[in-house]
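Note that chain A is present in both complexes that follow, paired respectively with chain B and with chain C.
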Partner chain A sequence: MEWRWDWTWEILPRFIDATGKTLMAAGGGYAIAVVLGLVLVLAQRTPYRIVTMCVREVVEFIRSTPLLLQVFFVFYVGPQFGINLSPWTSGLIAIGVHYAAYLSEVYRGGIESVPKGQWEAAKAINMPVTQTYRRIIIPQALPPAISGMGNYLVGIFKDTPMLSVIGVAELMHTANAVGALNYRYLEPYTMVGVIFLAISLPTAFLITQFEKWVRRKMGMK
Partner chain B sequence: MTEDMSQYPLRLEGDNIPMVRFQNVRKSYGALTVLDDLNLDVDAGEMVTIIGPSGSGKTTVLRMLMTLETINGGVIYVDGEPLTHMEKGGVLVPANPAHIRRIRSKIGMCFQHFNLFPHMTALQNCMEGPVQVLGLPRKEAEERSMELLQMVGMADKRDQHPSRLSGGQQQRVAIARALAMRPKVMLFDEVTSALDPEVIGEVTNVIRKLVDAHNLTMLMVTHQMGFAKDISDRVCFFFNGAIEEQAAPSDLFENPQRERTQQFLNAVLESN
Partner chain C sequence: MPYFEFLETYGGRFLEGSLITVVQFVLATIVSVVVALSFGLMRMSSNLAVKSFATVYIEIFRGTSLLVQLFWIFFVLPLFGITLDKFTAGFIAVGMNMGAYGAELVRGAILAVPKGQWEAAKAINMTPAQRMRRIILPQAFVIMLPPWGNLVIEIMKGTALVALISVTDLMFEARQINISTFLSVQTFGTALIIYYVFARFLITPFMRFFERSMARKIGRA
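Up next is the complex of A and B:
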């Protein structure tokens, strides 16, 4: 079996289209995760023990069950409770919530890395707690969290093929379809691999640069 | 708390009310009592220094006043009003956050490890409170902050981040940051303890200026006995969570009445 370039060029447009969909799934899921993750970590730091414990359990539950199961659950079990969602919506919700649980842990590490003295200094200038988070704590928690957040950005991108199982037409789904139609899988799967690599590697590099830039910008080492 | 609160006045009245009053204040961590029945008045404009061995509860006094620590008994008054409590139905009950914030606005504090905001420049550190907490226009906050940075001799470093400043410089910015909030009471918690010996002077000189120029009430915890003797109106020697002896600095340092005070001063002077 040899590589067929003419066929590769022929199917390429479909893969470019699917790459866009994959990026949308990763970007959309990540946007949900970034915001929801912050909500999850702040909810775990409220003085109300019942809230703290419930959220803690939910985060643990999400982190301890497979993403694929969660995707299936939202898409197939939802309708039995009257919640009918499109593959796209189900996929984004499942992957967004899943990664929100991971990102909340990254945020938690960042927030806990801010010395206690910063809280005390904020109190000494009479700053309320919400403002202290916004102005003092989160800006300092961010730089140490960037590399973890970046890892999960690449992670969510690499997990988008899971959405192919519920019919989201991203890269993996497209490769399967093209392959099945022509009984040839070498070129489609190789292309998927190359595309993932071509996006993941530069992203990881940019994240390290971004982290350095942020630290410099904030006058930190 | 089963304490009878009716023994505490709802507010201090009269001509000569103290700026700060600790009345029967108790503080404990579990079974460990840190401060036992503390009674201490600080008059407006007075500089009171607290000395004593480590673990005697001296830093806790400042931290309770800054509301960084809760108290387990008694009442703290600031400027005539209770800080830790508020009036409800004719008696004092534990204060709510809004009340604490209102009274706390009269207090400023400097810390042993400066605690400057590392992601802000010297000027931004000073402006943060006036702009974000007091709601001052940026221009006014900047003028106020620059005036204070000038006073502490840090005006030329206004755009530097704390990581580029020495310990002494950071502490001077921290003093300016606290003063920018225009407090009536300033607390200095071992502000020279983390500094190299050769820069201690630049910080103590700033505090000296404050004693001369401002009508500030100050409470200071320090290990610099010479400095304490120089600038204090009164020195309190703490031992085992209580005031063992308090007097004017000349009396306390030269003619201590209590044996524990003598022992402590001897030990400190020997080590110097």
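Up next is the complex of A and C:
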């Protein structure tokens, strides 16, 4: 089968439009994940053992079940209780919650990498816990967490095609639609692959550079 | 419908689906181990052609989505004369994708074997192949097992995507049951729990056990 360039150019605008939607889905999902992940990690550090254990198990549950199934769960469970969520809303919730569980692990690693003496010193100068987090712990926990956070930013971007199954009109959905309409799959699927590569490779590179820059700024090796 | 009755009616189908998921998971794991080992080693080759081939493979598979790769292998490869049935395409795609991630783990682990070991093997006149097989790989194997524990869970989750090319796995059965009953909470909930039990109470303990017994075998318990 031959690659048809004329047709490629013809369908390209639709793919550019869909790329924008994919980026929106990834960005929206990531925003949810960044915030919720922080909540999840802080909830695991409360002095109440029962809360800590429950949250820990919830995180494990989310991390060890397929995102695709979670997407379906969020999308179809609402209507059973009379709550109708649009594909976009349920897609963002599912992907955001899924990655929040991953990000909470990244944050945890970062927080645990801060030496114990920093906590003790903050306590010694009578700093309240919230201030200790904000001014001492989080700034130091961030640089080691950047590469993990960056990996999951790329990861969330690569997982957005799963939202196509509930009808979010992102890249994969567009490729399926264009392919089915014309009964040609070579160009649409290949283009999706190339677009993903063209975005995720430079992003991964930029994240590495950013991490180096932050480390230098903070005076870490 | 009470949950018990629901299980009585559809339990068999969940079981059949789970069985396919297990088979897909095992086959995908085998493929990814083979891919990871060969590309991980090729990535470290001194031959520039071999090395760049491995790098390109790894970057392509890590830079695009599993779903895109799966659809590409299933819908586009036949156009080039390579037709795989859906079952084979499923585990091959998952295995090749996860193998690319595994290749980086293999490379990292080999580099993490202390330099003295390489030098000592050379000093007693071992050939490079012997050195790799008898000295470096066994130690690298123990080093990379913990991260493989996570990757194996990802492989299991990845197999859920094969439902989208109509392999009748757990995810596929759940979707079918949901379409015919509209009992989304029960259907997707049950499937989520099966995946969770599988990951958390079968795969993870097995990997831990494997890690420990391997560490003991090379005298690092």
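Everything that follows uses one rule, which is that the second predicted complex is superposed on the first by the 221 of 221 C-alpha atoms of A that agree within 3 Å, B and C clash if a C-alpha of one lies under 4 Å from a C-alpha of the other, contacts with A are read in each partner's own complex, and residues count from 1 in each chain.
Rule of thumb we're sticking to: contacts are C-beta pairs under 8 Å (C-beta built on N, C-alpha and C of every residue); 3 or more make two chains touch, one makes a residue touch a chain.
Here the structure is a predicted model, which means the values were calculated and not measured.
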item	value
Touched partner set for A:179, first chain B, second chain C, both or neither	second
Partner chain in contact with A:166 - chain B first, chain C second, else both or neither	neither
Touched partner set for A:193, first chain B, second chain C, both or neither	second
Most chain A residues touched (candidates chain B, chain C)	C
Touched partner set for A:66, first chain B, second chain C, both or neither	second
Touched partner set for A:32, first chain B, second chain C, both or neither	neither
Touched partner set for A:153, first chain B, second chain C, both or neither	neither
Footprint overlap on chain A, where chain B in one structure and chain C in the other make contact	none
Of chain A, residues touching chain C in the complex	1, 60-61, 63-70, 72-73, 76-77, 79-80, 158-162, 164-165, 172, 175, 179, 185-186, 189-190, 192-193, 196-197, 200-201, 204
Chain B - residues contacting chain A, complex	66-68, 101, 104-105, 107-109, 111, 113, 115-121, 128-129, 132-133, 160-164, 174, 177-178, 181
Contact set on chain C toward chain A in their complex	59-60, 63-69, 71-72, 75-76, 79-80, 153, 156-158, 160-161, 163-164, 171, 174-175, 178, 182-185, 188-189, 191-192, 195-196, 199-200, 204
For the chain A and chain B complex, residues of the former touching the latter	115, 117-118, 120-121, 123-128, 131, 135-136, 139-140, 218-221
